[in-house]
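To start, the structure under review is shown below, and the notes come after it.
For clarity, chains are labelled A, B, C and D in written order, and residue numbers in each chain start from 1.
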Amino acid sequence: MSIAEVSRRMLDAYPRDITIDRDLLVECIAACSDCAQACTHCADACLSEPDVASLVRCIRTDLDCADVCAATGRVISRQAERDAGISRALLEACMTACRACGEECESHAQHGMEHCAVCAERCRRCEEACGRLAGAMS
Amino acid sequence: MSIAEVSRRMLDAYPRDITIDRDLLVECIAACSDCAQACTHCADACLSEPDVASLVRCIRTDLDCADVCAATGRVISRQAERDAGISRALLEACMTACRACGEECESHAQHGMEHCAVCAERCRRCEEACGRLAGAMS
Amino acid sequence: MSIAEVSRRMLDAYPRDITIDRDLLVECIAACSDCAQACTHCADACLSEPDVASLVRCIRTDLDCADVCAATGRVISRQAERDAGISRALLEACMTACRACGEECESHAQHGMEHCAVCAERCRRCEEACGRLAGAMS
Amino acid sequence: MSIAEVSRRMLDAYPRDITIDRDLLVECIAACSDCAQACTHCADACLSEPDVASLVRCIRTDLDCADVCAATGRVISRQAERDAGISRALLEACMTACRACGEECESHAQHGMEHCAVCAERCRRCEEACGRLAGAMS
């Protein structure tokens, strides 16, 4: 079962009303989870490259982005007594982290680093999903 | 893209040899991620139930299980200079947390709590996936 | 050894220049760590109160605030190839979470909940420390 | 206020009985927090060393140890409906991670890496504190 399916089933079983667009929410939860996973793998793959010294910035943004995506995914998953202010501010921070990490990874993807290409793609998708959810919360 | 697909693509792009069974690894990474997500949702859904006082044990094991699954998923995702001892000990702890949380959720599922039913199923799957990966590491 | 002492010793041993005010940085790292710890305890103490149903909002903001503070503490601890944009956006989100959690806890502190009083104090201190560090990064 | 002071005040305000030795508990919570912080700094300092390629194993064990200590600190901080089995298994995993990371850091400390010396000391202290708490739970 994918994260999106787990989240959808859990939200369908939620005992109170959910006042936010469920599709955007599920998409964003899954995107945060995917992106955190891709960034954790990418930092580790960069550490294993022969020329690790050239990848320090990439490892660092991967670690940051993984931490921010993980926290964001947890916070937006919670519907009990939701405070839209916290979610929106964190979605903004997550978009910033995904953009920075996506750009850094993209620059290495252009030199043939496949793990960076996958990670850049996940970062872009997560940035977009966070933007759509933040928009729906405004 | 599911967590399993993200992890498979990232491991395929890993620049060194991977000495562990890749299918078991991908299955366990995805199961840890699914289970952490289900437990985060379940704690929140329990908090939103009319009779929250009867669900304190469930919320508590959900929070623990989410934390242990998240840490386990991160550690086993890393292949650089892998220390099998850390992974094995953490997989054992994750199995213990998933078993405790799965049993607690199962008891509420039998009284009609659908979010606990989904969570119990994810806990069991994660416990099994951790057991298979730990077995392959022995 | 306190978190502030650990961080100071580690930053003193950092092999490159640190371009940000070290006192503000250490203060903010320690405040994020304190606040995450207080929020984790407070959620758990609320869960253990006789009238847990009246504390659902408090538990929820505690869980959010703990997650955001933990992520913020990690990101600002990293000096390698620092991206001030990610730090600033996350410090803003952390201030928002600390303010919401501090206000919620303060309302329960006024009705004699000592764990909420301690948590409210940690949240305010963390909000202030994040504000000072964000100011120094502008 | 140090993590130990925060935890002591929060546990003193806990609304139910605490059935475990409070001194050992507070010591272990603070040690997990210290060690997670030291490991996060150490990974980052290693990434910033001129010869980062020789420190890949150290960075990797730092990242693992930080994740395991953070999860352990959270789980043992929770007293509501405590399941000693989860805590004990996680304390065992934390001891394993701290031992591995402490040994790795110690080997670099002997070659003059001060951040590794501080980190090794925090890892040993955390391993000991986890051992004492696990012993009290048996």
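The rule we apply is simple: a residue touches a chain if its C-beta (ideal position, glycine included) is under 8 Å from a C-beta of that chain, and two chains touch if they have at least 3 such contacts.
As the structure is a computational prediction, the values presented were derived from the model and not from experiment.
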Pair joined by the larger number of C-beta contacts - A-C, C-D: C-D
Centroid comparison with subunit D (C-alpha atoms), farthest chain: A
Separation of mean Cα positions, subunit C and subunit B [Å, integer]: 27
Subunit C-subunit D separation of Cα centroids, rounded to whole Å: 19
Where subunit C touches two or more other chains, by residue: 44, 47-48, 56, 59-60, 63, 70, 74, 78, 80
Complex contacts: residues of subunit D adjacent to subunit A: 43-44, 47-48, 52-53, 56, 59-60, 63
Contact footprint of subunit B on subunit A as seen in their complex: 1-3, 6-7, 9-16, 29, 33-34, 37-38, 40-42, 44-45, 47-50, 66, 70, 73-74, 77-80, 113-115, 117-119, 122
Sites on subunit B touched by subunit D in the complex: 56-57, 59-61, 63-65, 67-68, 70-71, 74-75, 78, 80-83, 85-86, 89-90, 92-93, 96-97, 100
